[in-house]
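In the two assemblies presented below, subunit A is common to both, partnered first by subunit B and then by subunit C.
Our next item is the complex of A and B:
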């Protein structure tokens, strides 16, 4: 894609906006449509489009594979540990009311925010990891054959 | 239009067109979800179905081939199976309440219950998020674990072998070169 100047310029402009939109969907998910799953996918799309238009190697310099693989597991751990923390505070597993006993609504809010963050991190990691796994293999069709 | 796109997917033999058309199909079904007022689902469908999976399909195409192989067996048995499954599914919908019926079980106690409880129990305006992350937190934890497992599976299937082969010469940093 080295010769597609327009694509490259537009991508450069868009990647930031896409990441911003992903963060909005992530942290505004309890007020508007969206949440961890959608935000994770949108975040992954930002890196994937970067990888498609520039090159896989440049995308991997921004977001190295080892970090992707750590994030994969980190998201699930964030989610599961939220449950353990609420258990340690003497409530049921994943009962977010535990975080602020006097005002359970706030605790719910925090819990949802943290849990959604875990979902988002895992989904981003998985999507980018799958893309890296596919794109890292040498293609059998040359660019002209499309 | 959904039906037309589906027919086009079946008819064409060029896999590039198939991948693109399935993206179109996802986008159309996302619009259908918007019409049904399921914005969260529509959002997911548009992002995953039309966005990521199209890219991944194209990535797979680059690894395999561009043209579908001509099938060698007769289409009658598959057609029969598909037709019968479709008929059974349609027969199953006959018992379901009409779309938007006020006396459907889902409308009589499940949804009102969540709608009444979530504002003062959770305090989050988006009830979908409240149900997804709080009332059904276990489900969502399971879903996240499923996504995680899927990612691990793909990694093992596609890239783990490759890395083992590469450790012989220069290690990981050649990945993607």
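Our next item is the complex of A and C:
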């Protein structure tokens, strides 16, 4: 893609905006359409378009595969531990009212935000991991692999 | 861990602002058990990936499985008398919220699944190190725990859509686990792919069935669906839903003509995975089938649609004979046992088909007894694979001389598979024959005995291979390591124990069967 000057410049400009939009969708998810899934996908798109235009190697320097795999697991843990905290406070799993018992709505607001963050992290990780897995595949399969 | 803090933490808040919020009674650890049972392995799986340590992976997995097992025992003790526990996730009452519901039927299956996982994991350590790529060792245990979580979730949940979600969690991880056998034999990849296609078709049928039920009732909670379809028995949407669900779950349970994925999957998966899946995965699917047939659609509906008489029973009988005959002609011990599993699933379906308390008791007891029997047998074959590198009859001939303990455990498992008195297999077949006689179907009772004779033939083939054939001339392989022998013998001894002491198995099965025959217990709005 070295000779596609326009693509490269536009991508550089867009990556930042895409990430910003992902964060917007992420943190606005409890008021408007959006949330962890959508934000995660948009966030992943920023890395994927960077990888497509500037080569996989460049993308993996920014976002190394080992980090992607850790993030996959981290997101699930954020989700699960939110629920564990509410359990430790004597409420049901994922009963966000537990965080502010005197005003459950506040707790629910915070709870959904944290849980969605976990979802966002995992979805970003999964999307990028799938892209890496496909893009890093050797172009032909050797006889030994069959 | 949480209980001590829990009781203290909630009270000050409630006291301060009693005017604002309804006073909250803190849940104790005992109340949280249904959730923790699922949560411990679910959290341990990503933790293994996050830590990424090869040394920590196995202890974490084993700790999680053991913790789940202990919790399953507590739950079983609580509900065996007929009590039903309902846990409302997020504090949202059903039918809107997701409900986990534990009664004696699923507590018994939870006990089986967690027990098998706790026994198979110590065995897996050596077996997996030999059969699975070293660098994937850590991820293997994460996958194993996810599969385990999925199976537990399918069993414990009282929400129909939640069943699908957990079914997918367990299925997707199962495909990966089976494909992990590719290091030993490349055919594991095609086996996993076959299962992926068949399993996905099954899951799709299941979810279409759920969609139709949702269309007819507007709810996803099982007890609520049951209530709402009770007066819609003539509704075609509901009938179509029933058909889709039976076929979808039937694919997962490997009901005879829908079984094509099973033999290859069991043959080429790593031995520890085969032992785990054979003892749990199809059993869980059978449980789901029973849950939907009896608790959602209810026994009266089954009488009306006649699915059991015209579809389930003929297929069950077909499985008992056809699969047993195929098993006799196999040249690979793993494959032989896989076909025998198909035949044994026939017995469970037959028990369901009787539509009586005795029949269901037999089905549920056989589900458990066959689980431990197959775990013992597949672990035995796994030990042979470790020492001989394959499980072909020619390859492992004469193993009885070099591996006396492994072979003896397999003989005990084999006897239990036939249903020799004094073993677990006998108990459930006995009750099954009783169920047949009770219904006045003595030809069916004869067929049960006849098909057991076929089991004698293939088990004898196994024994002949191990003991009577001369070992081929090459360096004698030694006995399997103790870490594999102990779990194997635990299961073999369990086969004898549950053959002599039937208090737990028959007690729990009878209690579960009574629960099923009574139909849906209705919504539980109060509770945790």
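The working rule: the second predicted complex is superposed on the first by the 139 of 146 C-alpha atoms of A that agree within 3 Å, B and C clash if a C-alpha of one lies under 4 Å from a C-alpha of the other, contacts with A are read in each partner's own complex, and residues count from 1 in each chain.
The rule is simple: a residue touches a chain if its C-beta (ideal position, glycine included) is under 8 Å from a C-beta of that chain, and two chains touch if they have at least 3 such contacts.
Just so we're clear, the structure is a prediction, and the values are computed from it rather than from any experiment.
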{"item": "Fit or clash between subunit C and subunit B when superposed on subunit A", "value": "fit"}
{"item": "First (subunit B), second (subunit C), both or neither touched by A:88", "value": "second"}
{"item": "For subunit A as apex, the angle formed with subunit B and subunit C - C-alpha centres, to the nearest 10 degrees", "value": "60"}
{"item": "Partner chain(s) touched by A:74 [first = subunit B, second = subunit C, both, neither]", "value": "second"}
{"item": "Touched partner set for A:96, first subunit B, second subunit C, both or neither", "value": "both"}
{"item": "Touched partner set for A:45, first subunit B, second subunit C, both or neither", "value": "first"}
{"item": "First, second, both or neither for A:60, with subunit B first and subunit C second", "value": "first"}
{"item": "Which of subunit B and subunit C A:33 touches, first, second, both or neither", "value": "first"}
{"item": "After superposition on chain A, the shortest CA separation from subunit B to subunit C (Å)", "value": "5"}
{"item": "Residues of subunit A contacting subunit B in one complex and subunit C in the other", "value": "69, 72-73, 76, 80, 83, 93-94, 96, 104, 146"}
{"item": "Residue numbers on subunit A that touch subunit C, as the complex places them", "value": "66, 69-70, 72-74, 76-77, 80-81, 83-84, 87-98, 101-104, 146"}
{"item": "Subunit C residues within the subunit A interface of the complex", "value": "1-2, 5-7, 9-10, 13-14, 16-17, 20-21, 24, 26-27, 32, 35-36, 39, 42-43, 45-50, 52, 87-91, 186, 528"}
{"item": "Partner subunit B, residues of subunit A touching it in the complex", "value": "25, 29-38, 41-42, 44-45, 48, 52, 56-57, 60, 65, 69, 72-73, 75-76, 79-80, 83, 93-94, 96, 104-106, 108-109, 111-112, 115-116, 118-119, 122-123, 125-127, 129-137, 139-141, 145-146"}
{"item": "Complex contact set, residues of subunit B against subunit A", "value": "16, 39-40, 42-44, 47-48, 51-52, 55-56, 59-66, 120-126, 128-130, 132-134, 137-138, 140-141, 143-145, 147-148, 150-152, 154-155, 158-159, 162, 172, 175-177"}
